[in-house]
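Sharing a structure below in structure tokens format, with a few things to ask.
As written, the chains take the letters A, B and C, and residue 1 is the first residue of each chain.
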Amino acid sequence: MRKTQTPASGSATLTSPMSDRVVEVSGLRKIYKVHERQSGLGATVRSLVKRTFKEVQAVAGIDFAIERGEVVGFLGPNGAGKTTTLKMLSGLLYPTSGTATVLGYTPWDRRDEYLRRMTLLMGNRTQLVWDIPAADSFLVLKEIFRIDDKSYQRRFDDLVELLELQPLIHKPVRQLSLGERMKVEFAAGLLHAPEVVFLDEPTLGLDVSMQVRIRGFVRELNKRTGATVLLTSHYMDDIVALCKRVIVIHHGKLLYDGGLADLAERMAPYKLVAATLRDGAADADLSKYGEIVSRDAGRVTLRVPRAQAADQTARIVGELGPDLADLTLEDPAIEEVIDRVFSGDHPFGTPEREPVAAR
Amino acid sequence: MNLARIYRALLLAGFQQAAQYRIQSLLWMLFAIIRPVIFLAAWVAVAAAQGGDIGGYKVGDFAAYFVCMTFVSQLTMAWNSHEFEWEVNQGRLSAKLLRPLHPLHYSVVENLVFKLNTLPVLVVVLILISISFGAIYRTQPWHVIAFIPSVLLAAALLFTFNWVIASLAFWATRMRTANTLFQRASFVFAGQIAPIGLMPGWLQALSYALPFWYMMGAPTEILRGGVTVEQLPLILAGQAAWLVVTLFAFSWIWRRGVRAYSAVGA
Amino acid sequence: MAARRARVLSGGRVRRYARIIGTFVAAEAKNEMAYRLNLALSVFESFLVIGTSLGAVLVLFTHSTSLNGWTLPQMVTLTGVYYLIQGGVSIVFQPSFEKLMEHVRMGTLDFTLLKPANAQILLSTRHFALIRGADLVMGFTVVAVGLYMLSASVTALSLVTFIVTLFCGLMCVYALMLSLVTLSFWFVRIDNIMAIFYAFTDAGRFPVDLYPGWLRFTLTTVVPIGIAVTVPAEAISGRMSYETFVGMLIGTVLAVGAASWFWRIGLRNYTGASA
């Protein structure tokens, strides 16, 4: 049975009259031109003479704004445009059209002052020097980012403690395991206490316990320093554990921007009723109560529209009486919700809220 | 200035790193030595056939020339045009672009560290070669003094020029051709085949016009003592002029390259 | 080349190997054609490198009519042979051997060993780096130019001995490379050793008798690029002595035999280890 995820409860973005918008994105668009390469000897010879291009819209015009201190998750399947968006916000990529401002800077101007106040951490990409201990690479970063001795020592100690780096930082980076290396890369990226942290697939390729630790670390980071965090992931656990607010991107378009709990309510406005029947009544037909999702050795799972959930549950209890051994009422798994969002499925019955359209 | 502190930190890290690559460094040195020794052997044979003297160069002069050439080419070498393509493709450039430091600085340090590490052994080997081939040095004290600015200019020129070529990696699908072109042009015009004075007239003229001789041949001749006092200012001026031109070229191409890179993504 | 060796064995195997190698060539050709510019540029590079090398030889000869007894036409031919050998090695041997070392390092050698064909031959010819054909073509051209310059003195005998010694030279280099690669069974990372040998091959561009004793010895035995280039050049220039020819033949047979034997030991060791 699929484990049910409980989305982080809480409302969507905090807004106040004096809102401090750290990230503002408007009409951001990124179009790539790609060579078309075909197989077959004939096509290859033809391509010697003439080449064809294809336009790919990686990001098809998106708008959103993020306040200081938020932890926002970018959710989307591979190729959705999440990493591309992050690269534009960190200044590595410049857009085809549209604007974006982070901390008041245009990221792709790549001003030194901007670079000192932000960081982009990309999963398993190494930026540390391979052959020397991380601690020594840190000293180089200290100078590059102009961190004074006292702040450096304090942050160094904090990061070593938070990420449990003590046994790792004096070993050459090449000798560390993937998980250890990622922790050290994290620390390297945060030495200069950036106000904005972009995380691209931070838990990719890590084992479960390391994933949990990284999540805990990001949460601590946000709590202690108030850094604004934007993370992309296709692990639902990351998003669920860290983000109150989620931005869903698919085919370069923004499908949803709001609280995770709201997402579930809008995209999958139903509840799952699981009724366990006693041996005698295992064949009972429960289809009148709702859509049967699965039937498994006396345990029947039904999909029931939210509005009717309470009534149907009461009916089941009343009408089945002693034949009912157990009854549970659950929210749909977040993965299921997300799958529906991406596949464009409309959940049964209720009129669907239009996806937040891109301009 | 903060840049000084950055360099100090980078150099420290660089030396730590280089300690792990002792053998590779020595190998590079071997490559550097074999080519001049081969050509030296050839010229010694040619000189022997002509009674020991060619165009004013005796066997000992050839030996001194190629020894100095090896020394100078080690002092001025740069290899970014070979590695930069890899950096771009691997996304390592992105990591550097995210930091508030021009990527060039990393390679300056890397360059310095390698040279400082390999120089001691190289000097020893070159002394041995000098002795075994009977090298004759016509160096005066002022030659040695003039050598210092000349070799510095030459190193800066070669480094920057190499970076201009490296920057082509932003667009080129095949860097190998650019590298081969540069290497062969150096081979012909920088004096690696023979002292420029022995090259055909038209090649000589081209050598003095193009930047390559100023990267290697010029300091070599100064160190060997093959340059007169009158010629020195012209040589230094030529080096400086080419350096300025190359710096402008690099600045222009780098900026356009990073823009192109940022259009396609790291 | 492998076909030639197989002829010594038996007729059926020839056809089989020829077919196998044929598929390798076709696969590589298709792959390489896809890189359209690469081909043209590769030719250009070859032209540049060989052209400037010839230029260097010409500069030498503006000051003398002989280089240690070698005349200009003879030196041109030698330069052509040098690049011919380089081209031959880089087309056939180098890519395959590099892949082989990778297999040994990754432990994926087993796939090839399971195929029902002589592992040594398969592995040696697997990757035709056709793109390096440019060196070979240029090498041939230069040799042809040299031969033309020598035309008065080229005889049928010298032509035949030239081809034979050229083949021998290639086989000597093959033997060397095979031995080096065999070392990788024990010392997984032998890149440094290979680099040293590559450095020495540069010396093949001049006749081996040019060099001081120790270097001449090295280039004749340990890194046989010296004899691989000089002997064929001597053959076609009519400078080769009977003793040299015989010595070359015997040396080649010994070298290839020893290298193959060494390889078989390494292979046995490797498969024994992973069993």
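As a working rule, a residue touches a chain if its C-beta (ideal position, glycine included) is under 8 Å from a C-beta of that chain, and two chains touch if they have at least 3 such contacts.
On a predicted model such as this, the values are computed, not experimentally measured, just so you know.
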Closest chain to the centre of mass proxy, which here is the mean CA position: B
Most distant chain from subunit A, judged by the mean position of its C-alpha atoms: C
Computed distance of Cα centres, subunit C from subunit A, in Å: 55
Distance between chain centroids, defined by C-alpha means - subunit A, subunit B (Å): 49
Computed distance of Cα centres, subunit C from subunit B, in Å: 31
Residues of subunit A engaged with two or more neighbouring chains: none
Subunit C partner contacts - residues on subunit B that touch it in the complex: 23-24, 27, 30-31, 34-35, 38-39, 41-43, 45-46, 48-50, 54-55, 132, 173-174, 176-177, 180-181, 184, 187-188, 193-194, 198-200, 203
Partner subunit B, residues of subunit C touching it in the complex: 37-38, 41, 44-45, 48-49, 52, 55-56, 59-60, 62-68, 192, 195-196, 199-200, 202-203, 205-206, 210-212, 215
Touching residues (chain side subunit A, partner subunit B) in the complex: 32, 84, 87, 90-94, 108, 110, 112-113, 115-116, 119-120, 122, 125-127, 129, 131-132, 136-137, 139-146
Of all residues in subunit B, those that touch subunit A in their complex: 2, 5-6, 8-10, 12-13, 16-17, 20-21, 91-92, 94-101, 259, 262-266
